[in-house]
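The next part holds the structures, each set out as structure tokens.
Two complexes come next, and they have one chain in common, subunit A, joined by subunit B in the first and subunit C in the second.
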Partner chain A sequence: MSDKAAAMLSRSEASPPARWTARSNVSPARIGLLALTTAVLIFLPFVVTGYVLYIANLLLVFVVLCLGLHLVIGETGQFALAHAAFYGIGIYTSGLAGNAFGWPFPMSMLLAGLIAGAVGVVIGAVALCMRDIYLALATFAFGEALQWVFLNWDKVTGGPNGLRISPARLGTLEILSDKQAYPVVAITTLLMLLLTILISRSRLGRSFRAVRESEVAAMAMGIPVRRAKVTAFGLSAFYAGVAGSMFATFSTYIHPDSLGFQTTILVLTMVVVGGLGSIAGAVGGAVVFGLISEFLRQTPSYQEIIYGLILIVFMMYAPRGLFAFIHDKAGRVFRG
Partner chain B sequence: MKCTATRIFWGAALLAAGLAHASSAGAQEPGLTEKTIKIGMFSPLSGANMAYGLDVVNAAKMYYNKINKDGGVHGRQIELVIEDDRCNANDLVSAVKKLVEQDQVFMLNGGSCSAAAVAAKDYVVRSKIPWVMLNASADGALYPPTDYIFGAFSISQYAVGGSVVDFGKQHLKAKKIGYINHDDAYGAWNLEAAQETAKQLGVELAVESINANITDVTAPLIKLRAANPDTIAITTYAKPAALIIKKAYELGITKPIVLTVTGTANLSQLVENVGSKDALKNFYVQDVLADVPGGPKIKWVYDMYKESYPDLAAKPDHPQAYMPYGIAPAMSVVKALTDAGPNPTREKVAEVLRNQKFDSGVMAGPIEFGPNDRAAQESTIYLKFDGSQQTLIPGSFKSLWKYKG
Partner chain C sequence: MADYLLQVEDLTVKFGGLTAVNRFNIAVQRGTIHALIGPNGAGKSTTFNCISRFYQPTTGRILLDGVDVTNMPASRMAGLGVARTFQNLELFGELTVFENVMIGAHVHAGKTWGDALSACPASVVDHVERLLERTGLSAYRNACARNLDFGHQKLLELARALAIRPRLLLLDEPAAGLRNREIAALDALLTDLCNREGITILLVEHVMQLVMAISHKVTVLNFGTKIAEGTPEEVRNDSSVIEAYLGQEMINA
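Showing the complex of A and B:
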């Protein structure tokens, strides 16, 4: 049994079960950062153009995608590579619910999350007997198969023509611009972030980490490993489904080309470079890498080289992730 | 008292004049000044799909530069703001929104990737900005027609598929055509027109739809060989096309092979990838230009390119095959701005575009829009290509598919 797993488990026994308690070690710097982020999120729509809000909306979608992947890879240690497929389920479910039934977006968002989550549970159950590279390959195959379904199920998904999505609506309100979509996207992101923190600090979160550190040890301590894994898969897919639905509030078109392995790899890169196993890392990775990608679009000739170099530098000098790196450096500065 | 009233009056008058001025300044069209007009361009300028856009943008740029040297449009110089769309839907929408909302361009002239371009359709229509595409066919954005989007200057996918069947029937006398397309938006659109044209011409189609990332084409080719077609039409991208031509040669298929314009971005690379010129003994390529590349009718385009970009022209594989496709859209933009008069508005320009008709002299057919038609160019020519020489086949060929609404 690994020492880390044992420590985690003993803490899980000592901590109040399934309940988040305020921690005394929340630093003023963290509170300041949180306040600043909240202020930026609130005032953003009043000071920037629709283009910037579109980028902000897109980044927030990636934040939720990263939080979902963080749960299954970062917390539970299950190398799943089908995130784009669950994201696609979310977009298509939300789009079809809006197109066919004119459902208000909170309902279609919930449905998108639940359907993606249900598929995630099934995949999680199937993947129970696999681990490491075999699990990665199996989930990769599922992602590819689902992209094929998106591409060929013409009557439902529009197939290779793509699917036009009706504007999201709530009662008589129709979301027709990035500015209108922004509050929905931002609030949903904050809720998903809060949910992630709650999960992470609950018994469930600790059982995820125990499974990540050592399945045998976790089992020996009475943690239902299989259930933890399936739950992680389901939750991760739920997040991706919600992210898909968020995307459908400000985008009116989806094509299966956008739901391939490349998208999964992009999200994985964000999570790993941000800091595997850290919520701040997942959020920061999504924001930083989303912004880098958008800024590099302005330098077409060199962008691939610069992007590659940035990745290499991160992996060489911040292997535990961007935010662990910043935390270490900041800690040294404050300690003198 | 009188003095105070006068002051109030003049103050109010000044305020009113100021407000009127502010309101007229507010009514000024974005991207338009007395001396300049700003146009937003976007295309893939990096990555694997750069061949679809880089030189197309360069061609449009050199045409706009020529117009500026000649005095501009109604005395206004054309200013270009250029964005990379990476041939990706999200990035293309980012580029369009940046151009419209941040750079405040008057109109758009961009798009080389069809599936990505369709993603910007709703935004452009809602924002009421005239959008003249570059070489994207983006049929999904052109049908059903809208008031603001104009495209398919090189050709629409509907015209690609229909015309290759027309060529097979008229020139190669085929009764049965083996038709290989992609299982994506491009493939669906060109197949729809091919099936319609085949139906009207009494030609049978044997269809094999393949993925764009396919690495082994043996199975679809063996199935096609079993169907015994008189000719094989390939409407795929360049990489699968090279695999298909190579494999057809290895399997001993000697029937004529016709490659549509979707796969002809770099013919010298195609020859290299196929590996043997013997595989190209009975091989035709579709083109949408008025002449063979560099031929007398379009030599001026190639000369202008060499003059404008001497360093780039000196590099191998430049100009890229699609380079001349950038000229006709730029001509369309300039003509629309000219015809809209000295005080153009976005609405006026869109209205002019909806009824635009001219011969670019660069493309195989006229550039023509109509009440129910936003696809500019529908004609194709064919060239017999033996791996080094291209010989023009007389005549032009058209799809019989029509948008029914």
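Showing the complex of A and C:
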């Protein structure tokens, strides 16, 4: 027996530690994908204008919303359904900071994220005592309650009349068009994307995934499970807050109707159909489904039905998500 | 006087009206392999889960290196150098083999927010790579843990626990379901961990081949109470043990 053990040991001591492989999941394909995304974002305003840029801005807001939901659902496996509420907090915070105090937009954006994140931590600390369907219902209830607040707190939110958002500003610069807003929105999106990649690859991201895969094993590895869940939930709320603030830079008006469960579900479908658990899936899902729902606006009476049908088709033929589906197909093509 | 790394004193665990463990005492000497055996339902796993802080005992004390850890949350135990494996595998199934072991090294990756967001220190990564090498899992490092065969999954759990760099390693039936060849390798590995690295091991096990070969001391539980304790030889020859539990198996052996 001891010979065998010695053999095992000597083998491990003989071979040098393979350091380079440790970071091997920085694959060229992934870097390429990130570079491509960046390039598209940079060149877009030179080729398109007007309405298309508005759509681009809107899609990027959805990308950030999806990245946030990806952290809590995709990475940590917690089905929290209050995303639109945090998005709303972001929009109102940012709008009010601009309207009332004339704050420069980077500050109001940060404030929007931090307030949404702080509310997220408080709600998360309570809701994340529950799991699965109970967690989903608790966060759903919070989302509904907050929409009710948006609708009825007339003095602050303008209630059912909605709220006019004054143009975002930085010093003497005022953002008055989609074209002017685009660089702000695009850079913020890129920063949030990089932050997501950083989190996902770090010890924090690993602890999130550990919680998703097995709470008992995570605990045995020294991961405080509750705290990891609340952190993920708080971060996702921060993302939603920032997304809200991004929306406020190119919008002049917000109505509480668009801050309900439907928006949460829209973001949820983007993340799930894009590919649960993958950043590329969350981004791809946001872009593809954002575009689809935008195109369907041309046919208002059939919009919901067609959208539903497309979803069903995706669920049937690409159940592991859009990204995995493309990945498999592309792999097959390259292999011949 | 013996040097005990782990002492369990008067441990009692009740589930409703059922007393699973009754005034149980065990002391695990530093640097030894100590086995906890007994028939099904004897309270081994309950005791084990109390020590790893997954269950809260009704009464009693658990001392780790003389420090009372009876009310310590389970997630703090890894930081104190206590690692465990699970009877029914609890791997991070969708993650790679490498990532599973990296999560084991969680407590060594720093504590601040900066640490949380930065890449893992190279020393930690090297340690993980060495553990993979040592458990023979290097070839599977990028495989999904869920797709490994059972024997490799068992090894992966062990590698993940070792990434904690434990003082005390708690193994819940490490040999269950393994083939003879795999048991022999496990036997060698555990002996080696104990002898060369001074890791103290407490294992709950049904596979007597392993228990008798590697244990320095064996404690026998039956119906929640200790019925015997001693060296493998002593326990093997103890009449109450033979009667209560080992009877058929040992006579056949």
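What we mean here is this: the second predicted complex is superposed on the first by the 295 of 336 C-alpha atoms of A that agree within 3 Å, B and C clash if a C-alpha of one lies under 4 Å from a C-alpha of the other, contacts with A are read in each partner's own complex, and residues count from 1 in each chain.
The rule we apply is simple: contacts are C-beta pairs under 8 Å (C-beta built on N, C-alpha and C of every residue); 3 or more make two chains touch, one makes a residue touch a chain.
Computed from a prediction, not measured in an experiment: that's the story for all the values here.
Enquirer: On the A-aligned overlay, A:202 touches which partner chain: subunit B = first, subunit C = second, or both, or neither?
Expert: It touches subunit C, and subunit B stays clear.
Enquirer: For A:329, decide between first (touching subunit B), second (touching subunit C), both and neither.
Expert: It touches nothing on subunit B or subunit C.
Enquirer: Have a look at where A:30 lands relative to subunit B and subunit C in the superposition and call it first, second, both or neither.
Expert: neither
Enquirer: Using the touch criterion from the header, give the chain among subunit B and subunit C with more contacted residues in subunit A.
Expert: Per-residue touch count on subunit A favours C.
Enquirer: Is A:217 in contact with subunit B, with subunit C, with both, or with neither (first, second, both, neither)?
Expert: second
Enquirer: Once the structures are superposed on A, label A:162 by its partner contacts, choosing first (subunit B), second (subunit C), both or neither.
Expert: first
Enquirer: Which residues of subunit A are in contact with subunit B in one complex and with subunit C in the other?
Expert: In subunit A, nothing is touched by subunit B and also by subunit C.
Enquirer: Enumerate the contact residues on subunit A facing subunit C in the complex.
Expert: Residue list for subunit A touching subunit C: 1-2, 4-6, 8-9, 11-12, 15, 17-19, 21-24, 198-199, 201-204, 206-207, 209-210, 212-214, 216-225, 277.
Enquirer: Under the stated contact criterion, what part of subunit B meets subunit A in this complex?
Expert: 45-47, 83-84, 86, 88-91, 93-95, 97-98, 100-102, 115-116, 118-119, 121-123, 126, 140, 182-189
Enquirer: Which positions of subunit A touch subunit B when the two form their complex?
Expert: Listed in rising order, the residues of subunit A that touch subunit B are 49-52, 54-55, 58, 151-152, 154, 159-162, 164, 176, 178, 251-253, 255, 257-258, 294, 297-298, 300-301, 303-304.
Enquirer: For a test of understanding, state which residues of subunit C touch subunit A in their complex under the given definition.
Expert: So the residues of subunit C touching subunit A come out as 52, 54, 73-79, 83-84, 86, 90-95, 98-99, 102-104, 106-107, 109-110, 115-120, 122, 125-126, 128-130, 133-134, 136, 138, 141-142, 160-161, 164, 184-185, 187-189, 191-192, 196, 213.
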